[in-house]
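Mind looking over this structure? Questions follow.
To keep things simple, chains are lettered A, B, C, D, E and F as they appear, and every chain counts its residues starting from 1.
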Amino acid sequence: MMHKVINTLDKIIHFKTAQAHCDIPCKIYDPSTALLAALSCVRLMDLIKEVESKETTGVADYAQISRVVIEKESACTEVKEAVRIIWGDYFKAPQFEQIPNAHDLAHSVMLQASKCKQSIDRTEGEKLVELVNAFAEAFWLTKGVSTYRAPCPYPPMLDTVYPDLKA
Amino acid sequence: MMHKVINTLDKIIHFKTAQAHCDIPCKIYDPSTALLAALSCVRLMDLIKEVESKETTGVADYAQISRVVIEKESACTEVKEAVRIIWGDYFKAPQFEQIPNAHDLAHSVMLQASKCKQSIDRTEGEKLVELVNAFAEAFWLTKGVSTYRAPCPYPPMLDTVYPDLKA
Amino acid sequence: MMHKVINTLDKIIHFKTAQAHCDIPCKIYDPSTALLAALSCVRLMDLIKEVESKETTGVADYAQISRVVIEKESACTEVKEAVRIIWGDYFKAPQFEQIPNAHDLAHSVMLQASKCKQSIDRTEGEKLVELVNAFAEAFWLTKGVSTYRAPCPYPPMLDTVYPDLKA
Amino acid sequence: MMHKVINTLDKIIHFKTAQAHCDIPCKIYDPSTALLAALSCVRLMDLIKEVESKETTGVADYAQISRVVIEKESACTEVKEAVRIIWGDYFKAPQFEQIPNAHDLAHSVMLQASKCKQSIDRTEGEKLVELVNAFAEAFWLTKGVSTYRAPCPYPPMLDTVYPDLKA
Amino acid sequence: MMHKVINTLDKIIHFKTAQAHCDIPCKIYDPSTALLAALSCVRLMDLIKEVESKETTGVADYAQISRVVIEKESACTEVKEAVRIIWGDYFKAPQFEQIPNAHDLAHSVMLQASKCKQSIDRTEGEKLVELVNAFAEAFWLTKGVSTYRAPCPYPPMLDTVYPDLKA
Amino acid sequence: MMHKVINTLDKIIHFKTAQAHCDIPCKIYDPSTALLAALSCVRLMDLIKEVESKETTGVADYAQISRVVIEKESACTEVKEAVRIIWGDYFKAPQFEQIPNAHDLAHSVMLQASKCKQSIDRTEGEKLVELVNAFAEAFWLTKGVSTYRAPCPYPPMLDTVYPDLKA
């Protein structure tokens, strides 16, 4: 039944925006926001690890965990939001032609960001950075901008995708 | 090049969550939030129309338009957020099997909500309600809950999808 | 005792604003937002219980408690906000005539939502749901819309008030 | 020096709130937040008036109106929130005995703040300040703190209720 | 190299606002917001101390710490925001002439508010209140308004700067 | 009188953080957030100009101006916030030695961002970008990271400071 409903919708609604490159006012899209948030997630996991490494934990440590966890939740949500905006506002027919797995890639970021909310395991955070790196590369590909990878110049120093803009 | 990166990612990352029904703590998902926001968008378009129908407009009218436009922006963003959460957090392999066009449906909501931000044309708002209705039906289908459509009991009185929970 | 105070108030107070049916542009009011937040509060209390049931707790558990507590705070605040909006924006003289204890009912929701912020005891959460159910029934009564109660179709599966809109 | 001040305070002060009905941890309640927001509402109405007084209006003027209206909406919402918190969290049986019309007073603030959102008429803003002044006096009465009225030391220079704390 | 860039900027940009008293639309500035937040920070530290004083701690206590820590983070951020607004929006050449160390004072508030985020030690909170008191006195001095200090009429009862407005 | 208070404070409070490089948990600071917001401000001014260029304006145009102005306000506030965080949280004694005019630079950003809120004149926006560029260069200088300038790869295509991380 569902499929019928959707198919009917497909027939009724013809998104003009889907055929055009940019018939809505151009906005500034930049995956750096999502990357910064993903890197923060890993950094915050490292700060939790520091507390975990202590021999004894007291109220000050619970307080520190609470602070860091709040920021981690917020960073993961920011990853989701930033990727949702690029995927949901910028990606249209021409971009999907260039990046056929864009839906899956965006959705993988959502699931991995959820995992990072639930986990304090750094490897989950690293996977998130890797997925957002892949998303950033996909984005810059659609813009015709070259990229390179380099460690971000602050902790957690992980390889990060940057646009190569130097003339 | 991009495709290689993604394919490699696909091989490295195996989402355990994707095979399971619910191995993360169950959350409460309900499309009523998205529907309420979409209906609000139409209602706010009607309020803009009221100002437009006036013969002369003054500062008080500009003020009213500003107020209503702000709320319309906010309602459209809420639609996007609410659909992103259900699509990005709840939809996993089993749900995608049931709703093969879930990616497209979620993405269509994003594009249409953007259109409603830019437009003051009620027909764009009605399309948004219809898309969110379709998304709500898809969601309830995956939950095994029947639905019915009825006019919402407040303006704009448009047909809205409700879960059929009466015993 | 409380009722006496209110009855006295009813006699003393004459709202100047209270003679009009609707002198502000009609908005969309729906208690489903408050109910969803109250149900979430109970669900989050259950998730805290899960951690409490573990034999040993470590940093990952503190992290989980922090996450859940943040969301519980937020859910309780949302209950307060959603009820404040309906009580403070929609309720005027005609509605207070139909629901003479509306002030007390709204205020009780505020106090109980505060209690749920401070407590991790599920029975406090259940009382909150019950109060918001009562508030929802009062609201729909003023709108002339019938309601029914059914378990919400997701955890915590508690009896929830729904408008009966099926033709 | 600081420590001496604090030690002296510890000796002098006996929290009245601590003996009173207070089954939730005591919080800091202060109506100055609500008053500041109500005064801002009037000030913003004056700024709208300035635009209205111009002979011709252009895009820069619409922009200014939009900016000011957004802030006015925000100020009015802050009034509602700040009063809701004191009424909903702090007022309990002992306070309602002292201020029998507290429900009506709080509700009147809500309605008037809604009016100020819809209006650009300064007299509506002045009524809001007066209602919040009355609410502030009621609050300080329950705390046993004297008050005085003086023009606030910035525009709109309206009479405002202040606690009289000077020894 | 940096200095050259800045010096060049100094030559290019001539802030008209810097010579004038108030050539932007006057806004309402009031340090009471920053003070209230700083006092809240100390109060919340006291509530953490209450948990710390317990002989045994369980999940309900972790939950309470999480709640209080969240609010403390928020209060410290509010201090920073409120001081940033007065320093960044209101302070211009004439105010800097009156308060030559205004930059340092504002910056000290930022650092101390950061410390209060990281610490649960009440003396850090007291230092924050003292710094914000000094900032409030500086502000009122530029406005030509006398001030006095008195214990705030609620916990933590610390000496707080108030404008002396009583005729 | 004020000066005496501050001088006394200077003597009492010795910020340990001021002598150390980083005795608080390291956070991720990146001026890219401030730059993105400043660039957005210019872009939004250009979108306002587009409406201004139309021969006739109607309700849809007022709506568009409201939308763009809201986003411009938000972008300017984000500039202020992002610069306040780096200046207020990261800059301590060693950084102030390297960048003696850091206080003035940060403060200039605040004033210019305020100007951009009030103005729809693109040259004001360009000055904001230039100031944030200077702030970004100052920041990277303290980190020992080289920078280069290149047009941002999206509108408004203005010269922007990027860290030079390519090996």
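Throughout what follows, a residue touches a chain if its C-beta (ideal position, glycine included) is under 8 Å from a C-beta of that chain, and two chains touch if they have at least 3 such contacts.
Just so it is clear, the model here is predicted, and its values are computed rather than measured.
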### Any chain in contact with chain C as well as chain D
B, E
### Task
Based on which chains touch which, give the shortest step count from chain A to chain E.
1
### Task
Compute the centre of every chain as the mean of its C-alpha atoms, then state which one is farthest from the centre of chain D.
A
### Summary
Cα centre of chain B to Cα centre of chain E, whole Å, reads 41
## Note on the structure
Expressed in whole Å, how far the mean CA point of chain A lies from that of chain B is 21
### Where chain B and chain F are represented by their mean Cα positions, the distance between them in whole Å
34
### Task
List, in ascending order, every residue of chain E touching at least 2 other chains.
25, 62, 66, 70, 118, 127, 130
### Message
Chains as vertices, touching pairs as edges: which of line, ring, star, complete or other describes this one?
### Response
other
### In contact (per the touch rule at the top): chain pairs
A-B, A-C, A-E, A-F, B-C, B-D, B-F, C-D, C-E, D-E, D-F, E-F
### Query
Considering the complex alone, what residue numbers of chain C touch chain D?
1-2, 5-6, 8-9, 12-13, 15, 17, 24-25, 80-81, 84, 87-89, 91-92, 103-104, 107, 110-111, 114-115, 118
#### Entry: chain A-touching residues of chain C, taken from the complex the two chains share
58-60, 62-64, 66-67, 70
### Residues of chain E defined as touching chain A within the complex
48, 51-52, 57, 62, 65-66, 69-70, 73, 117-118, 120
### Query
Which part of chain C faces chain B closely enough to touch in the complex?
25-30, 32-33, 36, 39-40, 43, 47, 50, 143, 145, 148, 150-155, 162-167
